[in-house]
Amino acid sequence: MYRETEILTRANQSTAHESEDSGDLVINVGPQHPATHGVLHLVITLNGETIKNVEPHLGYIHRSIEKMCESLTYRQFIYVTSRMDYLSAHINNQACALCVEKGLQVEVPQRAQVIRVLMAELTRIASHELWWGAMAMDLGAFTPFFHAFRERETINDIMEETCGARLTMNYMVPGGVMMDIHPHFQQRVKDFIQLYRKKIHEYDELVTGNIIFQNRMKGVGILSAEDAISYGCSGPVARGSGASCDTRKYYPYDAYNKVQFDEVLETGGDSFARYLVRVREMQQSINIIEQLIDNIPEGDFQAKTKAVLKLPKGEFYQRAETARGELGVYIISEGGTTPYRIKFRSPGFSNLSVLGHIARGCKIGDLIAMMGTLDLVIPDIDR
Amino acid sequence: MLNEALKQKVSELLPTTAFDEGGEWLNINIEATDWPAFAQHLRNDGSLFFDYLFCLTCVDWKTHLTMVYHLSSTKHRHNMVIKIKLDRDKPEIETASGIWRTAEFHEREVFEMFGVNFINHPDLRLLILPDGWEGKNPLRKDFEDPVNMIKL
Amino acid sequence: MWSFSNIANLVHEVLAEHFNPAITLAIEMVIAGVSVIGLFAILGLVLVIMERKVSAWMQIRLGPNRVGPKGMLQSLADTLKLIVKEGMTPNGADKLLFNLAPFIAMIVAMLLMAPIAFAKDLQMWDLNIGILYVSALSSVTVISILMAGWSSNNKFSLLGAMRSGAQIVSYELSAGLSALAIVVLTGSLQISEIITSQANGWWIFKGHIPAIIAFVTFIIAVTAETNRAPFDLAEAESELTAGFHTEYSGMKFALFFLAEYVNVFIMCSIAATLFFGGWMPLHIGNWHKFNHVMDFIPSSIWFFGKTFFLIFVIMWFRWTFPRLRIDQLLDLEWKYLLPITMFNLLLVTAVAILGWHF
Amino acid sequence: MFIKNYIKNIFSAVKSLLVGMKRTLYYFTHHKEIITQQYPDNRDTLILPERFKGEVVMPHNENNEHRCTGCTACELACPNGSIKVITKFDISPDGKKKKAIDKLVYHLELCTMCNLCVEACPSDAIKMAQTFEHSVYDRNQLTKTLNNPGSKIMDGVE
């Protein structure tokens, strides 16, 4: 089998333990470590600086959202999903709302569909901005983090104005959106696009073009397209390897079939390809927003739904493309007001599983860079 | 491939398959013993080519457990759902991690959350639950935790 | 005209009147030691606040602005906090080495101050092998880092210390070779002579391209030697949490911190001495009137101005670049810097022999 | 050829580094671009958008009257159980019994600001306030009674 080294399961033992016969060094990265962006715990077996094995230990912030949702009604459970992948909270909510709508067979008004897509794309940009800054910080450059936050703050302000919150908005409800957009929304988004266009070249100057950065990223952590699919990777991780998997293209939802955009594909499969995919995806999101921002149709922002939602008996699955990859919401209904079982197929969980595969044989510094390019959000993995 | 064609192809491969109507994708019910060979076929058959296991989970129906595999093909872009009924007291099934690598992590999650034993899994250990977890499997319906309340 | 040598002589005469020579010498040494410690502390405070302000402005932030006017007393408040904090020694650490390491780092930094000419006639020890002394002592810093890393009983610390060892040993080479370029031009290792040789122009202007190459390689090597980003692999907070000083807290950590900044200061002042003439004002060849005007600016201002500019450059590196990987770090040294500096040394020798410099 | 590539590499590398340094120098010298806010100092000028979800409040008019009928729709809508409606029966002047709220207890410490209660309320009795400085030393202080003491329901609200 591909697992060469025996790894101790118990984290506390492995801290004090070095396997004596092989001379390997076992170190714990996390649960409290600056590079894990949360409470991920990796047990790394090292030979010198070279990584022999990476073993993730999860569950430090597992809240059992799937179990919680079993006792929440179809209106209530959506707010919890914001807490999964908090950086693309809107898209999580959207996927859940879509799944409930699929069960109810509600037609969502055009206006609500467009607003949802706008919000989802803004969320995607905000998420990628944060990733970009954190990625540079993982490599030791602090300044880009703050520069990325300048643009991200603008998006957060837009969200705050329309949805009433900056991170966990709970804006999508079954049947549409909770409130109509704020009167200033369109102007603010246009201002943001202008700001973004003005500042985007700085990203290349500071990070992308930098020779140190390129040397750190190129040819590191190579993931083949076949492996990416086999490991269930999705989103920019798979697209960086050339595996086309954009849910927005193949299984369009809401207004995505009405807009023109390209699926960003890179064939390198290394960290740099994954980096480029995300940077270029921001550009595509801007394109989508530009197409829609002046064409928000008039009408209702929410379809008429009953006060108490009851899904018919059956199973409903909805895919959505979050900033990290493909999110699946799988609702099994027994006909009541609460789901019988709900499963969230989180993109981060599958993307993390590939880390051990691509990190083998790399240096510690590379592992950190790879974790950056996988864009791990720990609550998304732990749910 | 459309659902009808898929249905025909699957019934050729495995005549004992039962089909579930309704739902957007083809739902099939098979026996746990047929699973390993059938999975190999699904993955390797050129016209099926289900190479992307995008969701793997389990459902506790109080009388039995059901493994649910959501499969998709990145070549043909068709989807299929496979359900396998398991005994609730002694749930056992062959692992799919040799065919789809993503199953390794997902099966570990199902193992600790539902107590399903995956035969020949390379590394069947607790992934999310704390080490030394004893007692019931959290996502089963009869699980109650008086200390960390989940129900409101 | 008053100068530091007059003051020193005055102090010496006053002391010699009252005490016998041995006690006089002892008192003079105490005075020198106290002033070094004072300078050490002041440098730490100034450089910390400088770094925080520089980083803040580059990161479109305001930086510390609450303590004192414009936040200038922030580092004083930090020092107070660090003094009050408990200095913990982890279980299983080698207690002697663990507690000794920060002091070695600090003592080395203090020793390095001895040959530096802070202003005209203000130099503690003008020994005739000044540059050799500096480059020899500065590599002793690695011992304190290795001690800290080994004795902490922490794997991150150990990895950081190992990286630091490999790094300092290699970059020592190109730092030495770059400094040697100027030594070849001057013909002396003595700091005062290097400075006086630049009375008619700094070496960076007089020495043509070889001096510029030597300057660039020296700054890169110095950045690596002092463990500053982008070469801060020994601490690499995103990889090794804090590297060799992961387990240190309170004042012991502060000593490492101080030593790092003082090392940066010393290395920059050496670079200023070698390439920018130390305290020597900007003199251009035969422009006597211009040179005379420049002489009115006190020599200490010239020295600190140049040094702080170079420190700013090193901070500028830190807040712009990502960190290198360990193998790339060694590649840079052995594949690029070392061949360049060696070639450059040949070039400089040719320039010096043929007398092409001004 | 090797030497040419070698030197070319060095120059392109140095150039890419200088480009980045130019960018940071720009921000170092242009303090206008600073974006941080001085939070506690700018409290007076800090304006939050009117939709900002800070906490649930119950508006009262000048006669100390609110619009809550005690229908418990908000309590049912809340996913966390952070709202508790305690009802009582008022005797109206003409002798009829009428349901009204005694207390509307709101647990701010449990609230996730999801806005579902405000959406569910049929009589617009509660709304989201824009306050956000909620920290207190004792968590009991976060349990609040939303209706003012002695308040009663507004006329005409059913």
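Letters A, B, C and D mark the chains as written, and numbering starts fresh at 1 in each.
Convention: a contact is a pair of C-beta atoms (placed from the backbone, for glycine too) under 8 Å apart; a residue touches a chain by one contact, two chains touch by 3 or more.
Keep in mind that this is a model prediction, so the values were computed, not measured.
A.B. asks: Determine the shortest chain-contact distance, in steps, between chain C and chain D.
C.D. replies: Graph distance in the chain contact network comes out at 1.
A.B. asks: Which chain is most central here if centres come from C-alpha coordinates alone?
C.D. replies: A
A.B. asks: A-B versus A-D: which interface comes out with more C-beta contact pairs?
C.D. replies: Comparing A-B with A-D, the pair joined by more C-beta contacts is A-B.
A.B. asks: State, to the nearest whole Å, the distance from the C-alpha centre of chain A to the C-alpha centre of chain D.
C.D. replies: Going by mean C-alpha positions, chain A sits 25 Å from chain D.
A.B. asks: What is the distance, in whole Å, between the centres of chain B and chain D, each centre taken as the mean of its C-alpha atoms?
C.D. replies: 42
A.B. asks: Could you give the separation in Å between the centres of chain A and chain C, each centre being the mean of its C-alpha atoms?
C.D. replies: Computed value for the inter-centroid distance: 45 Å.
A.B. asks: Which chain C residues reach two or more other chains?
C.D. replies: Residue numbers touching two or more other chains: 58-61, 319-321.
A.B. asks: Find every residue in chain B that makes contact with two or more other chains and list them.
C.D. replies: Residues 152 of chain B each touch two or more of the other chains.
A.B. asks: Where in chain D do residues touch at least two different other chains?
C.D. replies: Residues 17, 20, 23-24, 35, 79.
A.B. asks: Which positions of chain D touch chain C when the two form their complex?
C.D. replies: 10, 17, 20-21, 23-25, 27-28, 31, 33-36, 38
A.B. asks: Taking the complex as given, what residues does chain A use to touch chain D?
C.D. replies: 72, 75-77, 79-80, 143, 150, 153, 160-165, 168, 170, 173, 178-179, 182, 202, 205-207, 209-212, 307
A.B. asks: Within the complex, which stretch of chain C touches chain D?
C.D. replies: 54, 57-62, 65, 316-317, 319-321, 336, 340
A.B. asks: In their complex, what parts of chain D are in touch with chain A?
C.D. replies: 12-13, 16-17, 19-20, 22-24, 35, 48-49, 51-53, 77-79, 112-116, 119-120, 128
A.B. asks: If we count contacts the way the header does, which residues on chain B are in touch with chain A in the complex?
C.D. replies: Touch residues, chain B against chain A: 22-25, 27, 51-55, 57, 59-60, 68, 70, 74, 77, 81, 100-102, 104-106, 109, 122-123, 125-131, 138-139, 143, 150-152.
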